[in-house]
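Letters are used for the chains, namely A, B, C, D and E, taken in the order the chains are written, and counting of residues starts over at 1 for each.
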Amino acid sequence: MTDLATTLAPERTAPVPVRPRERSTVGRRILVGVLAVLLLAALWELVKVVVPDGGGHLGEASVLPRTDDLAMPHVWDIVDRVLQPETSATGSPTVLSAMLSACWFTLRVALAGWLVGSIGGLLLAALMQRWQLAESALVPWVVLSQTVPLIALAPLVVGWGGRIHVGTFEWQRWMSVALIASYLAFFPVTIGALRGFQSPPAAQVELFRAQAASWNRTMLSLRLPASVPYLLPALRLGAATAVVGAIVAEVSTGTKGGIGRLIISYAQSASGDPAKPWAAIAAAALLGLVAAGLVSLLGLGLGRYRYAEVR
Amino acid sequence: SSDSGGEAEEEPSMSSEVLIPVKLQLQWFTQAQFAGYYAAIDQGYYVDEGLDVQIVEGGTDIVPQSVLADGSVDYAIAWVPKALASREQGAGITDVAQIFQRSGTLQVSFADKGISTAADLEGKTVGNWGYGNEFELFAGMTKAGLDPATDVTLVQQQFDMNAFLAGDIDAAQAMTYNEYAQLLEAENPETGELYTADDFTAIDWNDEGTAMLQDAIWANSEKLASDEEYQETTVKFIKASLKGWIYARDNPEEARDIVVAQGSQLGNSHQLWQTNEINKLIWPSPDGIGMIDEDAWAQTVDVALTTKNDQGATVITTEPDAEAYTNEYVEQALAELRDEGVDVSGEDFEPIEVTLEAGGN
Amino acid sequence: MTASAVRRWVAPVVLGVLALLLWQAFVVGAGIKPYLLPSPTAIVEQLVLVLPLVWSAALATGMNVLVGLVVGSVVAVGAAVVAARSRMADTLLSPTAAALSVMPIVALAPALNTMFGTTSTTPRRLVVSVVVFAPVFVNMLRGLRQVQPVHRDLLKAYAATPRQITRTVTIPGALPYLFTGLRIASSTAVIAAIVAEYFGGLQNGLGSRITSAASNSAYARAWAFVLGAILLGLVFYLATLALERTVARRQGG
Amino acid sequence: MSAVEARGVGKVFSSRSGDVVALEGIDLTVAAGEFVALIGPSGCGKSTLLRLIADLDAPTTGELTVFGKTPQQAREAQDYGIAFQQAGLLPWRTVTANVELPLELHGVGKAERAGRARELLSLVGLDDFAGHFPHQLSGGMQQRVAIARSLAERPSLLLMDEPFGALDEMTRERMQTELVRICAESGAAVVFVTHSIPEAVFLSQRVVVMSPRPGRISAVVPVNLGDVRGEGLREDASFFAAVTAVREALHGTPVTARGVDLR
Amino acid sequence: MSAVEARGVGKVFSSRSGDVVALEGIDLTVAAGEFVALIGPSGCGKSTLLRLIADLDAPTTGELTVFGKTPQQAREAQDYGIAFQQAGLLPWRTVTANVELPLELHGVGKAERAGRARELLSLVGLDDFAGHFPHQLSGGMQQRVAIARSLAERPSLLLMDEPFGALDEMTRERMQTELVRICAESGAAVVFVTHSIPEAVFLSQRVVVMSPRPGRISAVVPVNLGDVRGEGLREDASFFAAVTAVREALHGTPVTARGVDLR
């Protein structure tokens, strides 16, 4: 493996059997999660009490946040705002229901992007596993691809997507968003899968060679199962980055219906209604967790392959 | 899309029923800035002209004129200087109706800062949005003898006015119809009441002589030149759109309701304020709404050619060619409207009084 | 140079050149207008024109990356040391790191701008720190936990004090893991710093230059700044790699 | 036809720091059904030779045939079974599934696979662990699974690279006795790499002693301990005599034998 | 005073899946300067016993003293040196720095450390590798570094857990000869765990044979091969006789010896 590929992938750890998750630990995790949220809320209010309204400066740099109600509204105000209608227009839904439907939209688009990105990533990793030359040639570009800002790509994707008309199929805006999300998601999956495909020790690889097993067969029976411990965390991370990508892309392309659009819309009323944008931010963060959590479910049926999970 | 127009022609028997599909690309999300088009849909003006208009919202990185030149949409709303820049990059587009006759951009400061002209900006922290919305500001400063790159600290503003309210920015960019309203919807922590217009001073670029033309309807030049069907559609589209704007002038509250119903996130009072301010930018239009004023065009081109931004670039480098704008279609549309007895100049337009609520609600 | 070294350097370069040629041929051959896709030569032309600007913008963004990277890493390493010592801290910190790793920074940036001031560089650096925290924390913690039982027994047999154990075994053993984390962090830090410029703040970095050029339809100029961003990412990546090599060499790796 | 036939086989590894001559001028014939042990100091090329026979590497010089075919043909025809020093089990497969792997790869039906696996597991004394996963087994048990796997297709040639290295002395001796029995029953030829002199002597009909840098065959010690090898043999004087003979061949210098004679 | 004194020592590991009795009723005395080998099947508790002596674990029952002190006192007084089955070198330290580690931890001065490390490395034949890092050494060389490290503080008790397990037969035999010499010179008592009967016999004055589940001492075989143990000894009839005796003790059933006698 080239240096660049060793890079982003986690270290290999000794095979340690992963105990099947017991119900109590799942319950514990939820409890810890709730606890963490409460702690965060308490911390937030504490900061508001302790730090002066104008924040704190160390020379030129501001090191402590402003704590007035414009910058940091009270937690209860945010919660209260979530339950109020979005706008004064008659029939306006509550912020909560608007955010839920927006999250649902973004989640679907992000998962579509994640699916495309993951499949692409897996294929690319398989290609690089198959031919070393491909690996040498591609890995640096795969790494560098992630330094191209999405904001430079969004107009291109929208522009070129708009030219696709095949029969009755017409390129939709949300497809551009999903495509951009997939551009972020493919990266961790590619690197994780490559690392996983290359993880079987020489003894196992040679065993398959000694059995005169074909490349396809070796991929299917050896490399793919062996890559599961690497793949699962990569897919999880891919899901989270797909959400980030979808949100940026929604903002960037002005796609309606998603949480990215809500963030901007709510931000426009940040000066007069400061609790509203915070609600959207919290929703976006939760969405990332939910997406990663959903993908974690994939691991449930794969217990036997997770003998050496790399977290 | 133009092909579908062709289809309609091939089947004349259906033409009374089949509407020509038209897509309009906006430069931002749904809001009263585009009230006229939404009103035209709502009031059936487009259908009356045989058009089925679909409005496509914009986004931060969507450049409407590119989308138009691509052929993905049939018309686009864009500011003139930005559209001229795209023309230089090969986008074949033509300004066929200049809806906004005035610039709506202000540079707002707290009254106690004593900033009322461009020259007062020297040494101050000056906000702008970037995205090509900054040239009037730069031209104003240049005209006042300031170098935008060195004599002020430039800060990009977010979509809110928090940085200005917190005092990070001395003079912030604000559209009369949007951000300025946001200021008046915010609570003044000293009084516990909303801010009032007296708390602020504003530099108006119309007064400074560096205003540039803003929202205009752009059409695809290539199709204008070769496609007769498209030419006809253009006239119809302009005509119905103008009617929409006239409706918004005469019925601001109804226009506001139409926009709000389209799912804008901005509140009722904010949208009404916006409708009213937009009306002020359009009306009165002495030559008729949509007519491109030679002098205003010349000033826009002049500023675009000469003003350098902080990157040392001007908007355009050469004088735009004759195809950049034409009054041909808007004149036809106006003629038809005048025939119908519609007031297209709004000489006695009077803005309404709008009271903003907290948070724009 | 051995064959593998040749392949490692030549293959990607050849591929890159090939892609550029195809791109150029496509733009020229199909007569693609610049507003749709600028050609590589046009981008390079622009790059030459705005080079000083690219340089100063890369410097400004680079500074944000550097400060954010250092602050985020230091905090993450400290947190990992604490988490390795106490179960209690671990149960709180590990989920926090997981949550931070999926945090959409686009949502965070505007809020931080309001909290710390748009004219301050703090929000951007904070965004970078947030992005950096998770990978460094997770890897460092794994490294600290990686102490081999045989080493632990050995030091116990020598009646070593806890401080001696930390100094001679735990920290040196965790270093390779720390660097794995830093390598991931360094390339994501650059993207984070650029995205953080997206919504506002000082207009001195690569991110705001890209948006401003793109919205003026000056795509070639925008891509010249994108090129700057890619190079900045490369610089940080190679710098961490070099640091790692240096440390590894001193440790006999 | 002989199972393995090597004529002047050599192998050079080229690396950054120069060439390593791992093997040079190896001439070796292993008859069908014959048990040959390879012994020699670390790095003398035992594994390399085994890998050449298995077509996991190609010789640089010389000629090598397996049952008269090229090693590649022999590999593709599945003429041999192989067991490595590390067990190399697939951790996500049960013990049974691991043993079945070669059969599965070659399209043997489900029922037949299961039957064969049961047979093999009882052979290596792991009937009770059929459904376990590798990590639930001790190192020695894993090694036994690997041996069962190498026997799955009843190969006429077995290649084994220190398969008992991980076992403790007692288990090791038990496995040796088992292996002798299995080979006698199946009539397979075996090339067996080991570091242990007593093991080499106990198992094989000929001990091939190698010397390092470059790897050559320095001696071939025939062992004639008869066909029935029981536990008693290990305490027999003839056994000790053979051990001494191999030790001397290995050390290169004859040591005066005291009190024992080669029979 | 005896080096190690165990009276009724037992050790039970409690785990989720139940208790494991690793050791039960161990009575063992190791005299100062005596070399004792522990042998027994895998899992019989050899390592556990060694770890109890080293105070790396505490016995559940019974009494254990090292030079008359509790194991903890002995550990803190650095009365023993220890070598594990894995070399356990710190990969980021050079060979010299690894050998110096215990001295460094106990505040021995720089110059003295360097001198002692040089001495020890030449003892294990690694003078030329002083500046190398562990990964540049073969498994056997690493093990020798670990042995040098265990000797660094001239302990009067050496605890060694299969230190030669990773070595090939030849190196192993060489290291055994060396170890006998070093112990004779330093007069240290040694408790040496091994799986290899010949190794136990060659090295020790007494072979303690253990049986598993629960781990008990099943036999103690005294070996009297004299003080000077050279290579020739390995081919001596008395050596084979002792090997046979230990094997029989290990298997539990006496096997009829053919052709050799215990001297």
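The working rule: a contact is a pair of C-beta atoms (placed from the backbone, for glycine too) under 8 Å apart; a residue touches a chain by one contact, two chains touch by 3 or more.
Being a predicted model, the structure only gives us computed values, none of them experimental.
Least step count on the touch graph, chain B to chain D: 2. The chains that touch both chain A and chain C are B. The greatest centre-to-centre distance from chain B, using averaged C-alpha positions, is reached by E. Among the inter-chain contacts, the highest number of C-beta pairs connects A-C.
One finds 50 Å separating the Cα centroids of chain A and chain D.
Rounded to whole angstrom, the centroid-to-centroid distance between chain B and chain C, based on C-alpha atoms, equals 40 Å.
If you average the CA atoms of chain B and of chain E, the two centres end up 88 Å from each other. Across the assembly, chain D contributes no residue that touches 2 or more other chains.
Each of the following residues of chain C touches two or more other chains: 36, 110, 114, 117, 120, 198-199, 211, 214.
Across the assembly, chain B contributes residues 60-61, 63, 66, 70, 158-160, 162, 166 that each touch 2 or more other chains. Taken pair by pair, the chains that touch are A-B, A-C, A-D, B-C, C-E, D-E.
For chain B in complex with chain A, the touching residues are 28-29, 57-63, 66-67, 70-72, 158-162, 165-166, 178, 182-183, 185-187, 189, 260-261, 263-270, 357-361. Listing the residues of chain E that touch chain D in their complex gives 39, 41-43, 138, 140, 168-171, 195-198, 231-232, 234-238, 240, 244, 247, 250-251, 255-260. Across the complex, chain D meets chain A through its residues 51, 54-56, 75-76, 78, 80, 82, 84, 86-88, 90-92, 101-102, 104-106, 133, 135-136. Chain contact summary for the complex, chain B toward chain C: residues 60-61, 63, 65-66, 69-70, 82, 85-86, 88-91, 125, 127-128, 130-132, 134, 153-160, 162-163, 166, 168-169, 309-313, 315.
Put simply, chain A touches chain D in their complex at residues 15, 17, 201, 203-204, 206-213, 217, 221-222, 225-226, 228, 304-305, 307-308.
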